[in-house]
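The same subunit A turns up in both complexes below, where it pairs with subunit B and then with subunit C.
== the complex of A and B ==
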């Protein structure tokens, strides 16, 4: 049976196709086969992407109730102008700002160190720094809420005692809560970004450095004149995914404050807000409007970001 | 010559710096492991701390994990294993097919489909969580494995990766296969799949890790306690009214163990899988 099918499908042997049925012959033809290969994506795209995107746009103009939906125009979007929305947006923005400020330069410099000739056991250290990213946010969050626990003997409070400060409840205040989030992000993602930068470094031809040395460049010059400019594509990529990741942050906050409700919403994120309105309160229409507002905001941020890097490039040329 | 020029001081400083960083990176694991060996009452009272207290250490939490009263933990573990295995297998098969199709054939609509792949990659999935949730309700897939797996089983990143990989392979094999009477599908399964083995390795690890750790979507889809996956189950133990630290801490340790084992043996695949988006221009 199998050999028959294989033989029948061969376009170079003209005698065989006569024996099989036309549907099969069509399916095995070289013109149709590519469409069979990409079919899984096309189906998945239509059902699980295009339709949901369409439906979320429609829902954002509706009040969606079980059994009946009502068109309400721009009301959901007008409703966005409220404290919770801005709290969530501010929290994500602060988080993204700090993660960008730490998680771009730090891994970049560490990658340069790890890649330097003077470095020993770089493979081991690379792995050690990467391992935190293997943990789920749930496990990482569990560890960090205990490390930053409010008791006298929790690790970070003991550290404070060592410097003469007193015990604090880290997660009760917005500023220290944000600190815990950023420390958690640094712990989990520094190793990943390090790997991105390392692979970027390895694609820089070493003769560039050699000829710079001949011209009398020191390490500082080489870093700023060769390494940083040539790492630009990687940097753009890391910045882009960091912005997306920063604004999509949710699980970290969910774990630290054991749920979607933190004191004064100091841990509320955009996604947490969508979840609260859309799933917990079942306001699918309003939840959709929040999601689309977030999407518009993200696209705008990214256009600005790419433009910034793009203008940068023009100046260099 | 300049290679040897680094001074011993430089070397020692670098080693010291990275030794400190590695210790910081691994320290939370030490805390977790130590905590899992202490009585849960102690944890509840005092939080996670680094005091060794040898007289308190025992395997009681792990024993409890496998006892009748913690049966739900074993359910979660099983669910996570089943979902990760099915998801990863289906995801690899389907996305390698799509990636191969886009790389090897020239056909009407090819560019359009590839642009769609890139477009899906750029829109954060969180935006369509709510309509997807609604769709799952109408498909009656809430609280099922299918509901977790299906919407994301054909996902753009591995498609992109397989496309890049297949584009880089020599096409002579395919022509040779055709002349020998291999069907278009035979070419894929018998010739291309073995050639793409390294790509499968990288994507298997990346997707399995993502599935094992995924949180938001399973939390939305899953409702009953026996259906929960490990991350959702563990997170459900943290409530504002008191936490089940015995299952939580020891359970977290066992959730990390399989990943660490895979990482130790297949390290290079992690790196090659990760760097697909960033560096390849």
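== the complex of A and C ==
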């Protein structure tokens, strides 16, 4: 064994006849082992990610039909300039905006409360808030559809009656439809973001708070001057995945309107649009073009957002 | 370094070999299964497996029953039908992807009429069925098969004609003093509707806002369509505008209300109709099953009549909706699948079973007068036993529709925009139709 290792580590003398087993030499080579260990990842990345991405790029320049696939230049990209595309983009943008506005501050504040020693039952509330994110979107979406139904006996309409308002059809108007989507998102994802913020909070050393107390800082000052700034890395992460999640939203809308067809496309999302064009209308080429446009758009948004947060700048002080 | 690279290369190759060995094994298992099937077929001992995908559990049950019947009649070539029901969208998406990628498709599959356009694009990956269709041409409602045809090849066999009719609630009409047989034109219908509204406070009918069944049949019977014979979009022509304007007028006059839940297949809608919420609804014959299953309280109160017309002499019905059963070109037993499909959906006994089991108006008109059609079943119990006598009178008045490659796109825009904007938002119908037509590329 030892001789093998020596032989392998002295490859500069190839003329010496090596009687050792070449397979063993290969297996014990230090130069190669790392490649072997990363091989499964590299392979799965190439097969299941790089190849499909490459293929999507190619397809976005094609009309994909069985037996008659042909290149059509930039036609698919030219077709992107239409109402449905912008409706989908607008819907996703509104949804992302509202989820950011609610799903960042709300879980942050809740996390601070749950992290506080004065809070009773914090373990219970932690799990209670997290449980919704374990439910399937399909089930949650169906329940929300019924809760926000258009009949007089739907839960939310009964709530309106209690305040003297009349029955409305929640899912028929753009504004109320978006409200339902955002409520569903808040219910479902507040717990996830809460966990991120909690773990961030627990990594803030408590002596910072102690010394602030000695300096006479009140609760608000401590929150605003210590907690929020030190949570910045977590916040950046949560914002990034929220933007991504906002533009990748599909199932919620699909379930609320029980299908990909909402009246006036008020629930049409980018992914819904890809699905509609690519699969429902069998225009895989056009679907690919929409997907790539979404990718480019998201990259741009994320770059702007990260720049805004100063991630590309070197740490100050 | 170079050596390290070559060795890394060697590892890569070995890995690739290992992987390909795995997939090779998979293929072998697959092909041995297939091979086993075909050899079994020739030995005529153990049954040949046929896989069938559908989106309707009733269709699955029907085919399973037909497979059992087939095995009794053809002991020399038995089959083992493996039928699966998927959700509507999934059936079509899975099938489309399987056909596009050239692997994984079943032998037989159901394709709904508004989706067939997707499968006829390019070179259809389906088996032409001309040799089982053409011998029976005289007995079949051929316009129903044209929907699944391209370049003279028939690719799908429908379950039913889907003849459009109007269902009246006799109780409400009696209260209002309206005789349904006097309603010949849509103007008569509107007048009767006002009478019903005055006398009973109930709307005459309901209209769909997220589906196309309130609009398309009237369009077809008015001599128009969404697409012309060559597949060009004519959604915004004068006849269609006239129909949409008429529907909007009914809503404005409160003669018609919008169907709760957006369409005639929503739970809320069934509940409302079951309680006598409206005096009439026009839907195809296949809607009978929804009455029997979801609106039990209306039993014996529903009259089936031909739909009114816009002008005397226009057709009083149209072939609406439908589902074609196709055979994919990936099937290993195409001939057997074809024979079985002929037995299940083209033969006389098959068509009688379609009525008995599914309550559909079968595509073979020569069975409509058959005594078997008068046998009592849940549909005759509900609607009376003269259903097919009435239907026979309409035999030559069933307006066809053009199902083309753009059908999925048109149907999509009608479902999401046209109906909702015209009937819910009460926008100018001309504007709505022009915008919709322009949005289809």
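Keep this in mind: the second predicted complex is superposed on the first by the 275 of 317 C-alpha atoms of A that agree within 3 Å, B and C clash if a C-alpha of one lies under 4 Å from a C-alpha of the other, contacts with A are read in each partner's own complex, and residues count from 1 in each chain.
Methods note: contacts are C-beta pairs under 8 Å (C-beta built on N, C-alpha and C of every residue); 3 or more make two chains touch, one makes a residue touch a chain.
Computed from a predicted model, the values in this text were never measured in an experiment.
By the touch criterion stated above, A:51 is placed in contact with subunit B alone, subunit C being left untouched.
When the shared chain is aligned, subunit C comes close enough to touch A:84, but subunit B does not. Of the two partner chains placed by superposition, only subunit B is touched by A:250; subunit C is not. Touch criterion met: A:136 reaches subunit B, while subunit C stays clear of it. Set against each other, subunit B and subunit C differ in how many residues of subunit A they touch, and the higher count belongs to B. Touch criterion met: A:151 reaches subunit B and subunit C at once.
When the two complexes are overlaid on their common chain A, residue A:65 makes contact with subunit C while staying clear of subunit B.
When the two complexes are overlaid on their common chain A, residue A:265 makes contact with subunit C while staying clear of subunit B.
Within the superposed three-chain model, A:26 lies in touch with subunit C and out of touch with subunit B [touch as defined at top].
Of the two partner chains, subunit C is the only one that A:276 touches; subunit B does not reach it. Taken together, the two structures place residues 11, 31, 35-36, 43, 149-151, 259, 279, 284 of subunit A in contact with subunit B in one case and with subunit C in the other. Considering their complex, residues 3-4, 7-8, 10-12, 15, 19, 89, 92-93, 96-97, 99-100, 102, 115, 117-119, 121-125, 209-210, 260-262, 268, 408-409, 412, 415-417, 420-421, 424-425, 439, 441 of subunit C touch subunit A.
Every residue of subunit A that touches subunit B in the complex is listed here, in rising order: 5-7, 9-13, 28, 30-31, 33-38, 40-45, 47-49, 51-53, 55-56, 59, 110, 113-114, 116-121, 124-125, 127-132, 134-147, 149-151, 153-155, 158, 187, 190-192, 195-196, 199-200, 203, 210, 213, 233-234, 237-238, 241, 244, 247-248, 250-251, 254-255, 258-259, 271, 274-275, 278-279, 284, 287-288, 291-292, 294-295, 298. Subunit A meets subunit C in the complex at residues 11, 26, 29, 31-32, 35-36, 39, 43, 64-69, 79, 82-84, 149-151, 172, 259-265, 276, 279-282, 284. Residue ranges of subunit B in contact with subunit A, taken from their complex: 2-3, 6-7, 10-11, 14-15, 17-18, 21-22, 24-26, 28-29, 31-32, 35, 43, 45-51, 94-95, 97-98, 100-102, 104-105, 107, 110, 113, 116-117, 120, 123-124, 126-135, 150-154, 159, 178-179, 181-186, 188, 209, 212-213, 215-216, 220, 230-232, 234-235, 238-240, 243, 248-249, 252, 255-256, 259-260, 263, 267, 270-271, 274-275, 277-279, 281.
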